[in-house]
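Sharing a structure below in structure tokens format, with a few things to ask.
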Amino acid sequence: MIRYALVRGALLIAGLLVSSVLIFLTLRVFPGDVAQLIAGTQASPSEVDALRESLGLDRPLLAQYTDWIGGLFRGDLGTSLLSGASVGEELFLKAQVTVPLGIMSLLIAVLIAVPFGILAALLRGRRGGTALSFGAQALAAVPVVWAGMMLIVVFSVWLGWLPPQGFPRTGWSTPGRAIEALLLPALTIGIVEGAMLMRFVRSATLQAAGQDFVRTAAAKGLTRTRALIQHGIPAVGLSIITVLGLQVAGIIVGSVVIEQLFTLPGIGRMLVTDVGTRDLIKVQSELLVLTGFVLIVGFVVDLLHRAIDPRQREAA
Amino acid sequence: MFRRTRRLALISALAATAVILSACSGSPDQEPSTAPSAPDPAATLHVGLVLEPTNLDIRHTSGAALEQILIDNIYEGLVSRTQDNEIEGRLASDYKVSDDGLTYTFTLNDGIVFHDGTELTSADVVSSYETVRTDATVQGNAEFAAVTSITATDASTVEIVLSEPNQNFLFSLTGPAGLVFKADDATDLKTAENGTGPFTLTRWNKGSTITFARNDAYWGEAAGVAQVEFQYIPDFTAGVNAALAGDVDVLTAVDPNLASQLEDDFTLTKGRTTDKATLAFNNERAPLDDVRVREALRLAIDHDALIEAVGAGTTLYGPIPELDPGYEDLSDVISYDPEKAKELLAEAGQEDLELTLTIPSFYGTTVPKVLISDFKKVGVALDVNSVEFPTWLEDVYTNHDYDLSFVLHVEPRDFGNFANPDYYFGYDNAKVQDLYAKALAEVDPDKSAELLAQAARIVSEDHAADWLYNGETITAVSPIVSGFPEDSINSRINLAGVTVSAEK
Amino acid sequence: MTPRWLRRLWSTPTGCFGIIVVAVIALTAIVALFWTPFDPQASDIGERWLPPSWPHLLGTDDTGRDILSLLMAGARTTVFVSVGAGIVATVVGIALAALGALTARWMRETVAVLVDILIAFPVLLIAMMISSVWGGSLWVVIWAVGIGFGVNIARVTRPELRRVQQSDFVLAARAAGLTPSQSLVRHLLPNVAPVFIVHLSWSMAVAVLAEAGLSYLGFGASVVDPSWGLLLADLQRYIGVHPLSVIWPGLTITVTVLALNLLGDGLREATDPTLRHRAAETHTPAVVA
């Protein structure tokens, strides 16, 4: 176990390093010029050069990279080239919207996937089971942005129950309104992710049902359902953990689009804006944070998985 | 000499345009209603804006987003301009221009103090303007090119001498170039301020809101509201939703197609602007160097239908809009005539023309869609290259590498762009340049305007570009708010006279 | 003669549905090259925002363009993007898998690690990274999905390749003098083909979703490309006043993605029903939009 943890840990660090290099390299080769952007459309070339120098954009690439990485270790994620604001501070601020959104989405996804997944497994072969499976497939095929639009149409435009967009400017000091604002977005991501998760739960339940210990329990007199619930649930839990990494990645990505649709001031929307304005340092650090987060979750999930079931071999 | 076009100014105007871009009938013109009860001096005004400044350093960063909220509210200049671009005194109670147009004398008001408590004297004016004149990174540096001396003749008088007359000089002082800062001030302008205006900056929640508070030590008449909170909502649908939810009292740059949703709860005003939706032709590149091709392109566009699709705006047939000096209705120059367009193209040997339109992506898709359709009907295949603004700056603005380009030019008095052969239009007409130089040198404003009008007519008859429309800005004002400006909102929101009543 | 797996595919309801819908989309794309009820680019300001009616069977958009024609033309873009992404994913996937299975040990280990690392990059983030450099376009979608899914395909195909390579009959053939490349073509590829094709189908589904999401964000199709995602983005602005207009493009995307997913699922069952439910069952069209 220790050995495994060390190996995965080394892989994690390698992954972070490779990611950071890839991100940095890709972002430095672009047609736009940030110095020109800040200076304005009628700045003279000398003004632009002066600005470029003062922002450090003319230094050798390696120096810029090591500055960035060194700063990360000190906890300094850099300062925005355009606004002079600290990237770390802004990320922290925006995370106050994105993290709750992610948690709510995950909860909703699990709440949908587990009961329906188990139900689908129990009803296997019957019409109800097929219908559930097909329903899950259909929901998983829905583009998450359209799902959001339809929910807005139903719950905001027609019923008027929930706000169609935006996050209250009073933020979390008015928790009721904040949750209201995050409800539709979380539902959107949760439903689509839940539909995907449901299929895992279903197949994991089916696998568990075929396991010896369940059949033994059934032979001992427990009904198939109860045997499943008593012994199959841990197996279901294990399978959920397996795909948790993918789910988290899916939620992060979903939130980029959903925050745009619902105009939530979160990390995803900030990323989209920064890509558009070519705010180099911010995009670099944001992408690295997001990718790093996915990598770390993957690492933790792998360890958890290994700890809970050391018999399971890694797939690849 | 002439105003610089600012990227964010363009973007802001774009915002107004995009609003206009929605289909459906525009909102009816209504008179702003008066507040139902007495103004509440302790009230907070919530204003919804579109484009947030990247930083607050108005000395070094260009952009209408900064001018919009900072000028006249936080910072002041010797002079400022009214909603319809007339010049009036601000920090200066009085000003005189000598008969030869070379000497400007300003008399300062009494008792002006900076927000940190220091008194403003003519020395501060001199130091501010000297910085503009000598530092190339400061906004307005080009406009001070002809300034030979700036002197404080006494504690409340400043004299500026030019080497040659410049009709636009005084107007340029109503912008960032003319703002007065405290001499040797150490404030970091990116995130803080030390101005003289009726408001102070209290908070900037990036990506969300900027908050001003009333300056109780203001030298002039105190502001009508205790606090102003600007909310930046770049998405037009979200803006409307915020207004409906009561998050904002005033929503600027309302999308005309969505305006109907606000009719019940708000008063909608239509304001004039100097936003010129300019479809630029690369005059230096074939086949656009052929005037017949340019004329054909203009004839192919159904301007009225386009404005209807956009939702708001007025037709504009020349480079000078109504709010600028030298405006003339040039609708006799061009009309909607696709048949004639086809004939001209055939004559010029350009029957199956393929052109590319380079357009910044935030302008939305309505204008490109209509242009594609209109041009197709006369045999021109239009490809659209939607780029990020930095790329537009590089390809179109700097390298002149484009066929057609669409951008909203929001700066007032920027006709000089057509008198500049190095500007991205690539338009080089000696007569226009000559007329423009004379207009600048002319001391009498009316005669100057006449010369400008003559030059503008030549530019339009030369079909140097097409002006798709003159932007109108729609503002939704809650009944509890009064005194909110109507015109030129994307470049100036003067909040001093705005009041909010207690009732809702 | 119809191959056995195809017949099996056709016999399942999901496989049947998948084949039919995908065929219809492909057919529409081809037809749209020559004819659509209206010119999808022709604006008619006087006919804006019509509800489904004659002759605009699905109504019109904000500048009066016919929505049905736009959807038909959009099928062309969809086919283009999904096939393009599929090709890139194929090349990347096979190359990485081959490198990771058929070479010297150090190379195999490196590739295995690399694949594990690259898997973590969600497709959307790859696309945004490329967009911030070269601007958004359909090619960004193709490359991002191609690379992202190519890595995924490699991860699944590599152990398969390895397994087949170590199997008896291949070893025997090699002993008899078969060169590595011959063995690759004759034995390895055909044996991994089933797993591979299944993932290809799934990757095409991802490509369609990616195009929708990226076009919505502004990093995908340009206004001249008829695109379902772009239509969705265009119409979304007016949801407050015209709420139902977004139904058509959204429904079209959903049905297409569903069909491609079902096709993949059906292919999996048809080509090897005894396949262990390992990573194969865990396919996620996830991480896109």
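Order of writing sets the labels: A, B and C. Residues in every chain begin at 1.
Here is the rule we go by: a contact is a pair of C-beta atoms (placed from the backbone, for glycine too) under 8 Å apart; a residue touches a chain by one contact, two chains touch by 3 or more.
Just so it is clear, the model here is predicted, and its values are computed rather than measured.
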Exercise for review: Classify the chain contact graph as line, ring, star, complete or other.
Suggested key: complete
Study note, to complete from the structure: Set B-C beside A-B; more C-beta pairs touch across A-B
Check your understanding: Which integer distance in Å separates the CA centroid of chain A from that of chain C?
Key -> 21
Study note, to complete from the structure: Distance in whole angstrom between the CA centres of chain B and chain C is 46
Point to revise | Length of the line joining the C-alpha centres of chain A and chain B, rounded to whole Å | key: 41
Practice item. Would you mind listing the residues of chain A that make contact with two or more other chains? Key: 31, 164, 276, 278
Check your understanding: Among the residues of chain B, which are close enough to touch at least two other chains?
Key -> 237, 241, 361, 388, 391
Review point. What positions in chain C touch 2 or more of the other chains?
Key: 135, 218, 236, 239-240
Review point. What residues of chain C sit close enough to touch chain B in their complex?
Key: 39, 41-46, 48-49, 62-65, 135, 218, 222-224, 230, 234, 236-241
Practice item. Going by the contact rule at the top, pick out the chain C residues touching chain A in the complex. Key: 14, 112-117, 120-125, 128-135, 155-156, 158-159, 205, 209, 212-213, 216-219, 229, 232, 236, 239-240, 243-244, 246-247, 249-250, 253-255, 257-258, 261-262, 265, 277-279, 281-282, 284-289
Practice item. Spell out the part of chain A that touches chain B in their complex, as residue ranges. Key: 31-34, 36-44, 46-47, 50-51, 80, 82-85, 90, 93-94, 163-166, 168-169, 263, 265, 270, 273, 276-278
Check your understanding: For the complex, which residues does chain B have touching chain A?
Key -> 4-7, 10, 54-55, 61-63, 136-137, 139, 142, 188, 190-191, 205-209, 229, 231, 233-235, 237-238, 241-242, 245, 247, 361-362, 388-391, 393-395, 397-398
Point to revise | Residues of chain A defined as touching chain C within the complex | key: 11, 14-15, 18-19, 23, 26-27, 29-31, 134, 137-138, 140-146, 149-150, 152-153, 157-158, 164, 193, 196, 199-200, 203, 207, 242-243, 246-247, 249-250, 252-254, 256-257, 260-261, 271-272, 275-276, 278, 283, 287, 290-291, 294-295, 298, 315-316
